[in-house]
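Handing you a structure now.
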């Protein structure tokens, strides 16, 4: 009786959930039939999915558009790389990367969440670019423009056993398991009281505050979690590429999760994952014919923003529930205006 | 430019369809085609180098295929833009080898990209013939040091940019104060450090008075120029390249730099695209003979029939002069051909064996393979950009020719302390 | 009986305009109070100052004897002061049920739980269902709130305002923009809830019939000050009030 | 001492490119409330157009600049009318995302149309050379830029303070509904303002062609600086944008001279601090 308790959310996610199940089966069997490159590609998709999931907790669920997420991604990547170069233990690298990113995110978040809307976006942009300029210029530590190279794909040092990850297949399974855990965690989170609270902040921070919710505290929580996820995604990168370079901290890289989320769908849990997949498919397919794939991506972004703000996943749902969806969208619009109006009062 | 693109595209298509049975039937290596992955910077102010790499590779491939391929096997190539970014270069390499199925790889402009690719090549077990990336560390550290045998360099490293400069300017007693406007990455630092080390050996009296570093995508060099000129240097050692070099020189001119200094060393200023860019200024002798430059190959040297013929074929094919990345890439394919024919195999280890002791005549002159660091040794002169009635664009005149063994570093290598 | 709320010399000005200009006022528990006054009299500003939407330039606010002048809104809610808004404010993308679940969870101090499934919050759901029943919106529980009719959304907002079980609840024009029928239902609901005695309501309203039929106590504001206060009968007779305010209403 | 002053003047000339760019960004934000991510790309397109007309087709410098302004102005009109105008009134996040889409499109479009061509046009005769200043040769070209920047500043001031159109625009900026009520054609104002902003960006790009590197991707590099400036000066504040440009331009010039390593870092610190302490900007009271 309580099962379809959050029917609206339920309706939005269930198709994505099914897609996820199908995907799972495929993912675990993939090494059996697919080549090294498609594994490599899948790892990238999984990494971006984690990155984008974290971002969407902030944007889609809490209503804060951050342009600095690449900064936390980079912190995760660089810390992990540094650790791997010093001590060859993947576990240590991942944990270190995640913690590093989390700490930085918590600190910068504390400063950032006092703003909303454009000011929040600008502030996160500034913080992200600070991290970028450190990565770029602090050559002694970060290798500067040339980055850190020759990072080993260290064995997974678990208490008891030490699992070599030299082959792509092995590392593929590590990334797969880690990302599935991360996705599962996020899935639990958005369906928890915390998740509900964040969505309430998105819909109306004023109402939430007068319902007894500390707006800043919960924004900070969302920001930090997003940072942790960015850090995890970043930490998974160096062992794959054996190299970390400043561009991953640049604001234009912050746009990747934004695009993935936008393409897949902002108000659906599966959106960012589907989006990450599509993003790489689009790129990989287009790149085979022409090196000019950004222009296509740009066109897709424009079309989505103008036509399908729900993203690919909810295009289907809009087809199922056109009337409802539109009414909600309109209501949300007026809500935002009202909110904006109040602020100017 | 459109025309090249179109042609290249057609070639690629042809190569694509030219593969089937007929070719593989007679191919003694038992593959439908020998696949060569080519990379270079094809966008941004350095895009001309990527395109020159593409042109050089395409032309070599056409000539080899026209002559019946390698042991009867046709060649096939795919070019990718590495955007001068390590991550992109690595991703492309993985794609080219594990997905597209490249047997060999050629190209790469940026030292940063090259250093990032090195370890990955070991994992991919494929030879990459580097034809531009110039940091000495690629061959000295990764090959001689770490033993990554998949790295082979056809182009001359920063020995050309740094040591030759030192050898030329040690004999200019009036030049005592040096400053650098450097590329803000591996290549720039390494060249400057190596230059200082070498010059100090001959000239304890010189000072190095100022540095200004310009990263990729520096839009405006005027603050860098005025910053170093504030220290009243006698000469400037400059490593930005391609379009950035042209803009740097032009802004130096309008800041009257060439009235105040004795010499300006534009390391890769002998490259065709830079010479094209400064044609007007050279015609009007705006540099007052103070501008010096070299390259990894220059189109007016060596004065041999092979080179002349190469230039002619290249001009006929692309309606342009080849710059050094075109020559080095073109030559790399023939080096690869020779090695494969010697080892009669596509197996990486065997081909590396095939390279041992190789001496080969290329348009750029005689190249000799050095086993310790997989560096091909050949010499390129330095000189001053001047107009020559035989050419529409400037050439390097007043040439200073040095024997390769005199300015290459030799194993065992003592590490250069690379500092900004 | 002991006072519920006391404000002393409360002041707030925007630029030169003194929206609230030295108000001193006490509210007793269980007495349904109505605040009336012409537009711009400072009614909404007063509510904002008491509930924490704005911080005053001067003066103090005491709730049950404790000072709350500088507390942020969510802490005042915890202490028992809640409100509804003039411009309707709900969570349009959440379901009707979740709209009420949030304040309940906040009261139970469970909003931070990251991993317990929402479905499992039985206690909270039970409570929000009870409120839905009062509102008569139980059937719409799983509808997105944004899809409700205007009137139902008003009801829902009222529900959100009482969900934290406030002892003092401000309703800022709860019937604005409603049809007479809807208005009647809203007011009826307010009366019912007020009679339960758990919550003391303070209502800002323009419709004088509603005010005089509903309120036990009336506060008249003008130009940021309290002009008069007293039981409806008294206010109706107050000459000053008539001239300043009621005049045009009764002509 | 002279050297420091000299470096400052070089920085001043660089600041003018930034001023032209951020002036456009500021006007657009001030009136439309849209933060145009693609503004730097408009600068880039302006540069490429000027490069085409002046460098490839060999038209006179001024004509080439004029044509590129027209071209980018037109592009601006298309962007605003055809796309942005459909997003007014909804979450500004989507406007940011839309203009971000334009960055991707324009970057690649430039690659496709101009590829990596790098034939740099000569400096127009009358702007070549240098004159002595503080005992060192100061380029005529940079002097000329400082001049242009100041002229544009004056013209903009005149436009918004002294002309009917300017006053209407300011009225629209302060209150759309009101302006609409008194019969201002708000959509047309919006389009006009966007085109004006675009042309200012293009002017910056076009004037750079003979001496500055132009390449795909510079749009992203420029927009960041413009953001820093508009934030420091106060979003939508034209005076602020001017002062902000000077600060950033001169600071980065000194950066190359004194603290080359963390120059970029400090500039972003300034941006963040301003946002935290005075989000309305240093020059808005």
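Going by the order they are written in, the chains are A, B, C and D; count residues from 1 in each one.
In the analysis below, contacts are C-beta pairs under 8 Å (C-beta built on N, C-alpha and C of every residue); 3 or more make two chains touch, one makes a residue touch a chain.
Not measured: the values here are computed from a predicted model.
With centres computed from CA atoms alone, A is the chain lying nearest the middle of all the protein shown. A straight line joining the Cα centres of chain C and chain D is 49 Å long. Chain centres here are Cα means. That of chain A falls 39 Å from that of chain B.
If you average the CA atoms of chain B and of chain D, the two centres end up 37 Å from each other. Counting only residues that touch two or more partner chains, chain D has 111. Multi-chain contact residues of chain C (touching two or more other chains) are absent.
Listed for chain A are residues 136, each touching two or more other chains. Annotation, chain-chain contacts: A-B, A-C, A-D, B-D (touch as defined at the top).
Note for the complex: chain A touches chain B at residues 35-38, 40, 136, 139, 144-147, 149-150, 241-243, 245, 247-248, 291. Contacts from chain D toward chain B in the complex involve residues 3, 6-7, 10-11, 13-14, 17, 111, 115-120, 122-123, 128-130, 136-142, 208, 210-218, 221-222, 252-253, 255-257, 260. Within the complex formed with chain A, the residues of chain D that make contact are 35, 83, 86-87, 89-94, 96-98, 100-109, 111-112, 220, 224, 227-228, 231, 235, 261-262, 264-265, 268-269, 271-272, 275-276, 279.
On the side of chain B, the complex with chain A involves touching residues 42, 80-81, 85-87, 90-91, 94-95, 98-99, 111-112, 115-116, 118-120, 123, 146, 184-186, 215-216, 420. Chain contact summary for the complex, chain C toward chain A: residues 51, 53, 72-75, 77-78, 82-83, 85, 87-95, 97-98, 101-103, 105-107, 110-119, 121-122, 125, 142-144, 146-147, 160-161, 163-164.
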